[in-house]
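Which chain is which? They are A, B, C, D and E, in the order written, and residues in each are numbered from 1.
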């Protein structure tokens, strides 16, 4: 795997060289919102952004996704039989994604595939996509990635990581897919001089700049029931509106609902993001609700991220420390505070 | 090899509909696969469930009531509660729908070999236990197990499922069948009383015995102490949970009980396992 | 602001120490700049965490319906109006709620501040009507009044409409405010432009329902969006469904909305959801002369009628 | 029995034999489906009397489209076949073979216990008023003709135009009192009571109908808007720009442009000539010759105006026992008064028959309904051809074929007539045979035919609510007859919609609640006592609650009625009867403290603690006399109220005979901004009192200062008599009210006389103020019974015209002055009417409740109270858990609660959200 | 209008959902039938007991399902069979009508009327007016759920 240099002045050429084989997406600004969108030459990109407003999980897990088509027309042979919808994406490159979000994909890979089943919708898109990450030189005060198995230059989930060295990017391929991409791209140069040292110092400075920290060690040691029965939960949940904003912005939240919709005789089965903050999420047809109140639902979310996922997914934490939920929560429920309480 | 889409149901045809209860809200649907090769792919064990898929309405998880020993069809008994089950209840023989599965774990039939089994069921939770009994009573399997006791209760005689089958079982000597209803009814000459009370009377000794318990929460609540009193240990009591599910494959998140996905890690748990989990079921 | 904070703490301590209430609902300092968190003080000591500043945007009336305990709540003008609506709608029993009224000078819109500043703000300090913004390598001062939320800028009911005590002298209500100048401008446009405008507003909606959940009026057990039989509105990101959701949500607030802005402040995508509710709020005021929450006697306009209500549009 | 006339009557009260002749209709009522083909094919056009002969109808016809029964008839006087022996077109085209030219008159003898005469009135024919040009000029029309011109069902379909030239009039004059208050030309000295109001109504309607600004003037003598809310309507008309001119027109001349020039003299004596486009004569009411004949056959005495003779205290009784009368037959009156009298007559007529109640009722046996719960829908669809009415336009077989493809449809057939008896029998069989559990009939309108098909469902053992209709006739084939393709497309959609809804229908249960067969009457005045007696006469126990320490109320202070009857004597007898009545229990010194329950099952606690159970209640709490605060009342002992003057009469006060001068001021406290209503009784009372004074002291000068004299009906004769006896009437206007002063011990009244055009000063020994009658504004009582008050504090009836004694809340009724000021005879009639209405509740031992009513899902309900406030019937209340609960006995199924609830908690059975959604999606 | 557009507009048969109260406007429709008044066939009548039952949501649902026009008709104020159902409805309609138009519903799509059961002629006239107005507005694309946009 050979590192490459991309001069910022060559960015357009680099992007253009990819647009033939790939759809290229980059971070763009749309009013107050930052999000990934197709780019033509890279000039559209806002590479000095902090991060996308929402997590970019919709790259692989759109909020609404069609799964199957069907017809209710009794005259059709395949009436009421579900037909698979072909994968929605071809090869694409995402440029400039933040390492925390890529780490989230890495965690989600372990969720969308288990010992028996593979979520083909997630993996169709994952496989078709090459991720070029952009390290965070300048983390936000709400970032706490380094406390949760992640960091501003974390590499898991990425195919290539880019270091912004000022005038140029250092591109480090991390996977074969990344390597292949760099092989196809134009406008790249070879690293020269003390590039690696410079990159290392930028990385170290960034990691040090993540001053917001949480401890999770005790959480792993404690039993499910011990954590579950801790007495702070009601007060954490007290101000919660149960809106689910945290889950929609969270890069690792992945709960979904499956719904059928019909119009005339055409129908489709789709999935939509869902949220464990909703009372309906666990509501039985009988009227019984295993998580009847907002306390139970708030607790579930934090337990899921910091206890259940680590238990079941090789110790991975269901949180990458991106801080979006802290910024977006209308009532300022701060995940760091909650984790501190769980760990206390 | 192409990865199977785990969300895709097998197309099936409704072969037969049996109205099970006097309120007509419980019906047993017999399905046959539209593509015969799907039947092989659908290899299941008693205790597992499947997502029944009605295009235009969605899916509901329903325990498989038939036994793998019954070839050529699948049985599901469905209670009419929500929009999907209502749509299903409005369907007719010959209609096409989908079955996705088998899903979830099953009763630990392997582990139970050589043991006595007491099967305790209440109301319409008897479905997967019907599957289990049918499987165990199959000549190929009966010898693997010791004494089999079946205790089944419902509110009224008209609310008992599978009357034909358990009537047959009552005649057999390789299974002790006790069917009870909550109170006296004209024309009912069987047992009267609640399941926990009957269990206390007729359950076998806990030695080398496992109890499979399925029923409404109130029945479970009162049966559990009876079994404990009789000396059953928590890992001898096996239960099946019924959380709300969607994906059925351990991803979508709504059936979580603690770290476990009821749809994939369950629905069958021992009481010992459940004791370590939040009571979010 | 500081005196309001002090008075709120004083009132809360008194209520808690005298055992008059079980909890005082107010605001505590948030963990990020320009944010507060609803705070439930249960002891006199905890009351010291209560604050009042320009970021008390969340409408605390939201936490009142169906409460069983004795509660005091810190409430600005719009919050009290919502509590009046709660009382009229039997969600709150007046005797069970102690209202610590706060004459309000408007709340700051952090999105507006962010848009004005353009850089990541790491700290915001407020004093004497000015806010000092600090970030990596910069410090600027901005006048508070310039960055108020739009609803606060056009608010004409800053003083609580009901209260048990006030923590400050009533403020002078704004006069000569044209509450609906921008709405009227919008209404003067063509239907095509308006349709495009409202659809455009919703482009980024993720249907998290924070607007609904932050709204004190939305206290139903089951919201229409969660109904299955029949399904009023689809659950996907379909444009018409998103529009239907916002239309019906706003309609459910008709005659009850106080334009408190909680919905808009809660929206994580910065959508001007109030543009929907304001259309109705304006009509209710102009057609039926009703403004929600000003009186414990007058019923909301959809609960009553007059035989001669105007309706020229009906053939 | 339509087309039927009475020939003779024999026997006595309780046992009459009435011989009637039923004239032939020439149409078999059982076969006629009112499709109208006969009329369409009838070649004979004749003047349409229903539209005042302003347009034509056929010889085979229905009088008007809402006629009951909606069956056609052949007018033999005009039928070509009857007249010339040939034609029979109707017979040929009738799809059901209903035409029967062989029908003959049938004589029948009917055994009855009582008879009620309600023959109505004839509108006065103004031809004899030559000066008004009615007979000669097409643009001079009667108000009834004008009414038809304004009606959307009328000859011009509501488009206002002049009959002469079809031009839209821009300036119209209404002439009041045509054929009323006039002894010279028409011998009708009485006031017709209704013309002022109907003229104002027509004026307002005309203004609303007119495309351009319409100038309307109304020429009148006194504006008699004395009924409930009438005065407000008058004020509204003034605001709407109707010009009111106090003058009688004496000459009308045609103008060249088709209009009319009128000459009149203003009140101040100025002659004016003014042009109008059109002239409307507000003609009065009179009794027809036919009615006079009927009365003669019945042996019922008429007065000189041919109105039935009745007493003030038995307003619906005639001179012959057992025969009762109501409506204009007993004197001119408007709809609410007629409806009240009708109920009163029913009460009076049945009071003697109570013991025979339910003796001729046969019980019907129906099969027990099959339980269809849990069954998938199995829908049967019956598509009707309705002869050629549907099948001639819509391709019915195609619609039937389409219906087969719809979800859950198990059986489809098309019928020539789905409503025919044999099809009903077949339907019953098919339902059983095919095990159908939902039925859709695609035919005509559910408004007429739903009950018939529901009956069939019941006979087939299905709950009758498992039924839905698709209206492919009235809403389709009849209105798209020129486009069979689109009509067929529409028919399919309508069937699909009905099937979609039917699939979701659930059986609705109807349960019965018992009825406590006793009544509560609140108020022991004349109204309350009459209601109590009427109820007792029907065999029901009655509790009378009176807050005072004796019965009788304000009537005890009234001297005479307008008919000259002695009130004191009557009242003594009334109280005595009530006190002796074993069915009536009197609670003096009591008020209502608390009311719980609902129709059939009220529980009322009195202020004394007594608890009463009753099935119905009559509110007859009366009103009070305003104590004036003007005209020196309370300062000068010579200033009296009307009741105080009656006190003097009753005490035979010698002062009356000694005094030289008496004055009355009318409208004291009435018809003013604070009390914008007319107190109705005061004009008559003052006129009566003036006459009484003249009787006792013929030399005395009597002045009545008035705004409009409102001696409506035959009371007008009193007014006339008073003028003849020298009582001086001086009009004043409200902006120039009389002034009363004590001028060195003499009571002096200064008033501007508009005829003399100057102020006059009247010295009076007694000044009587005709002060307003004011309501108690009893909000507490209203709240307890969940009934409304109007702006003036009167109890507000369910419908001012059609349900004048009912409340929206079932089981509660009103009578007397609690409703509005009124004279004794009207109060008594209303009391009997209220009793009659209450009897309809009490006679049923149980009430059917349920069906299409709302229900609340408590899991959804948040207790926000919106449904409680909007329910027009107060059928919803919050329970102790703050959950709304519907009282099925009160719910009428309007669904306002459903659409008002944000939480989706209420559901209207039969019209569920899911059902309506299914209909929406089925047609799109 | 080009000739092509003219042709299209001639061929366009709008789908109009009409919500009629049982007692007045439904009766008026019956009467229009009895009187054989001819009117365009585009309306599809849904019978409701009273305009009080008319949830404004039904209007949105009809548009969402693709209706080109919606028409709601009930008893004249003061004539409600249920005393006051139409008074409450009138307020809801007023607000919803203004609201939907403010949100960009084209004029001519949404109609309200009071038609009594005696006004068959008015019923037919209003159908004509409503149909003409909806035709003039053309096929509806606003507030309509297009399935292809779902995912």
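The criterion applied here is as follows: contacts are C-beta pairs under 8 Å (C-beta built on N, C-alpha and C of every residue); 3 or more make two chains touch, one makes a residue touch a chain.
Since the structure is predicted, the reported quantities are computational estimates derived from the model, not experimental observations.
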| item | value |
| --- | --- |
| More contacts between chains, C-D or A-C | A-C |
| Innermost chain, taking as reference the mean of every protein Cα atom displayed | E |
| Geometric centre distance via CA averages, chain D-chain C, whole Å | 51 |
| Rounded Å distance, chain A centre to chain E centre (Cα mean) | 47 |
| Centre-to-centre distance between chain B and chain A (centres being mean Cα positions), rounded to whole Å | 39 |
| Between chain E and chain D, distance of the C-alpha-averaged centres to the nearest whole Å | 32 |
| Multi-partner residues of chain E (each touching 2 or more other chains) | 56, 61, 84, 88, 92, 145, 150-151 |
| Touching two or more other chains - residues of chain B | 82 |
| Shared interface positions of chain D, touching two or more other chains | 859, 870, 900, 913, 917 |
| Sites on chain A touched by chain C in the complex | 30-33, 50, 53-54, 63-64, 138, 140-142, 235, 238-239, 241-245, 248-249, 257, 259, 261, 270, 272-273, 275, 278, 280, 326-328, 330-334, 336-337 |
| In the complex with chain D, residue positions of chain B that touch it | 19, 23-25, 80, 89-92 |
| Of chain A, residues touching chain B in the complex | 67-68, 70, 72, 79-82, 84, 111-112, 114, 116-120, 123, 223-225, 228, 254-260, 262, 267, 269, 271, 274, 276, 281-286, 288, 290-291, 296, 300, 303-304, 307-308, 311-312 |
| Parts of chain C lying in touch with chain B, wherever the complex brings them together | 228-229 |
| Contact footprint of chain D on chain C as seen in their complex | 65-66, 88-91, 219-222, 224, 227, 229-230, 252, 299-300, 302-304 |
